[in-house]
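Please read through the structure below; I'll follow up with questions.
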């Protein structure tokens, strides 16, 4: 049933994950402009929001929204890449109200702006702290292809190369676990 | 002339004795409450200070006396320190008409019951001042609750007491006691069971004891009206609470339980035994029940106690007229 | 009908208050379940499974010396950095011996300098930082660390929880050597 | 920077921020961070009209320890003790979520006996968690004695758990690839004594507290959450099950050996504080059923894999998530590794965080006393919320 949701979105990449290996069912890359629409569609499907976090990688901040379903368990990770220079995203807190706090937490830790979050003040960190502790230093950042467990890509936008190790060419079929060792 | 002088001396001596009695009983009650709480909760309670912890209340009192008296910023210092005094001293006067024994009464007043009820009203003022003057929001909320609660619960209390007054035709506590017999079936509780229950519930409400301890509801208002009090300021409220408990239980004993009379030899010991049994029940309630909510508290009063007390009073009046 | 039913229902509900009093009253009369600590102590059987702070295991030969070979695995394994182990230094040579070695080296001979003994000279442990996870115990190559069953540990300052475990081991050995003098509590603290 | 004296008059940053939306003639009350019913250091800003709550905003962070940052400087094995400290109520569930995620990442198969020991200890820990909540909740509602009875029972459980874990509160006894201590005869004996004993205690709990008319009037029809609200906020665990959502991670995403036992997921439809209360009390019984069956089926074998990861273990590259049902709901630990010594990122999904986020909406328009009752019914463990 999740496929029908993804079909309605202009996704960058839809991949089916191996649950036994990663604990995820779906991994979906979206452009920032699609996230609110995706949240609305998932809300209609009666999904709930597990959490929001970000990963600081070479390519930018990868914001990860994890959704699940209470009757038909299906963990979906929606991933949105925002550049380090202008980390800005639309907020989904008016769709999933619980997202307000998760976004505030992500803002605390990474400094990512969620525009139209109703109350984007520090949540867990002191109000007068201007450090975002989970941001990594330039040298410590890994590239995305090195971090994510390869999974079966169902479809991808042409030119989508986030999951391809930089050394390799564009072809991305379902990779085996052994293949990851070839990563940069 | 001579009569007035002896009466005055009697009152002064009586008040001193009452103050000593209240102080002593405060200590005993603190100990009883803590020990009782311990046993209800299957632990020993105070145990370290003195044998079985009997000196604990004295240690507590010394601690309270030794503590710094602290006035919060922007509080009204006069009202703030007036409140604990106002809560404690009127209580002493309430002991004056209590009939501890056939002759053991500070001052036998014909309007003794009225005197007690009148001075009981002071407590509200004290709690209101304490909450208002301490410049604390919890205190303010606690004071608001205290006023609403005390005012509300005074009415059924009064009506329940009036039923006895109708029945005995007197407001003098000693007279009411003498009209009752020595045996439990000769006590007013038999003829006025409903009034007794209403009185007991209202008394719990009037003294802010659990399950009606809303003005100081710990889990909501931290400590309610006495949040900001330290040392003896708090100690006075504490003592006043226990003294109030003794008074309401004393009145209850005189009205419903035959006062100093009992099987065998009459005397003040019967009175004390009954008062302490009632106090024990109050402690038992406190360590058993959850706290009720504020609107429920008022609902119980206005929708249950008040109509029942009124009906009881009318019924009593009717029966008194008929028979 | 309904309001009347409700009325009687409310009256009947009051019975639960009596039931509550019965229960607390029943427990009021029963024995306590707490243990009067300084006078009584809990079943020592329970202590045996308690993992208190860590302690050193004595070597089978000498009860005053630990098995430890000061490999410092525990130090690097500890997530909280609460262990400090100082290796023993090689024995100090007398000037004559040093001269002899120098002479031998000058002659081109291979000299074997006396090596440091494989035992710690200091074994410090800061219990106030420890999270009792057991990572050091699992990392230890010679099983020289174990959990003690010390339940009654108190102190008035943070320094009271900085233990010198070598001293503790020595005092334990002493006590077991002279059982007549042994005290119930074996407590060693850094001076 | 901040003027301390000024704070006294105008309130700190959060109070000022909260005050912006305030109506006229209302009272702004700071409930906490030190307050008897906020279970530690939660702070709730309330706008009161009399005793009615117009608006509420929880302020977090007073117990924030940045566990996720700590993960960046520790190896996976060294990070384990942190899991005992995230949630003092149900630490073994966190142990499990983390160990499970690391095992998933490393492709480690846990021995069967270890799985059983994990089930037994986690379920016993769940009972202690619910007993702790039960006592504290009744304390919130003004009754002082039940918490002592609950702690009496809890102590027995702690004695049992001490055999398996060596500690009594902040357990970190799971290892990547197994557990650290085996079940012994003493444990089995204590366990066999405990279960019938606890079954005889539950009716007492019911008579003393659950049936008490004062308590029922305090919790029935208070804080009703509908299913949509649960989804919007992502609330899980007893909070969701009290609103009629049959969602239990042990059932929904069966992990370990939970599918071998016969047990039920208690679900209540009403969605009020009483429903959440009953769910938790029923879960005590269900946990005991699981423990009974697990003890009966306990296989022989190892309790930890051979060559279990040492502290220098480097997890292979990749991402893994392991969801676990904790005492408060869905716990999930996400581990992302770049193959280095320390994990690249660890994300802790705390159920209490999502559960508490619905408080602002739930408390709107309630009495102050009710909002305290709602807060308590969410079963807050502040260290878990703040992480």
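Per-chain residue numbering starts at 1, and chain names A, B, C and D are given in the order in which the chains are listed.
Operating definition for what follows: contacts are C-beta pairs under 8 Å (C-beta built on N, C-alpha and C of every residue); 3 or more make two chains touch, one makes a residue touch a chain.
Given the structure is predicted, the values throughout are model-derived calculations rather than measurements.
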| item | value |
| --- | --- |
| Shortest chain-hopping distance from chain A out to chain B | 2 |
| Farthest-lying chain, centroid of Cα atoms versus that of chain D | B |
| Pair with more cross-chain C-beta pairs in contact, given A-D and C-D | A-D |
| Between chain A and chain C, centroid-to-centroid distance (C-alpha), Å | 44 |
| Mean-CA-position distance for chain D and chain C (Å) | 29 |
| CA centroid of chain B to CA centroid of chain C, Å | 54 |
| Multi-chain contact sites of chain D, meaning residues that touch two or more partners | 145, 149, 152, 208-209, 212, 214 |
| Interface hub residues of chain C, defined as touching at least two other chains | 17, 20, 23-24, 27, 33 |
| Pairwise chain contacts under the document criterion | A-D, B-C, B-D, C-D |
| Touching residues on chain C, where the partner in the complex is chain B | 17, 20-21, 23-25, 27-28, 30-34, 36 |
| Sites on chain A touched by chain D in the complex | 20-24, 43, 46-51, 53, 55-56, 66, 68, 70-71, 73, 75, 96-98, 100-102, 109, 119, 121-128, 133-134, 142, 146-149, 180, 183 |
| Complex interface listing, chain B residues touching chain D | 37, 40-43, 73, 137-138, 140-141, 144-145, 210-211, 213, 217-222, 286-296 |
| Residues on chain D engaged by chain B in the complex (per definition of touch) | 8, 27, 29, 35-37, 48, 50-51, 138-145, 148-149, 152, 208-209, 212, 214-215, 217-218, 367-370, 372 |
| Contact footprint of chain A on chain D as seen in their complex | 1-2, 12-14, 17, 57, 60-61, 64, 66, 68-69, 72, 101, 104, 107, 230-236, 240, 245-247, 252-253, 316-323, 330, 332, 334, 336-339, 344-345, 347, 349, 353-354, 357-358, 361, 386-387 |
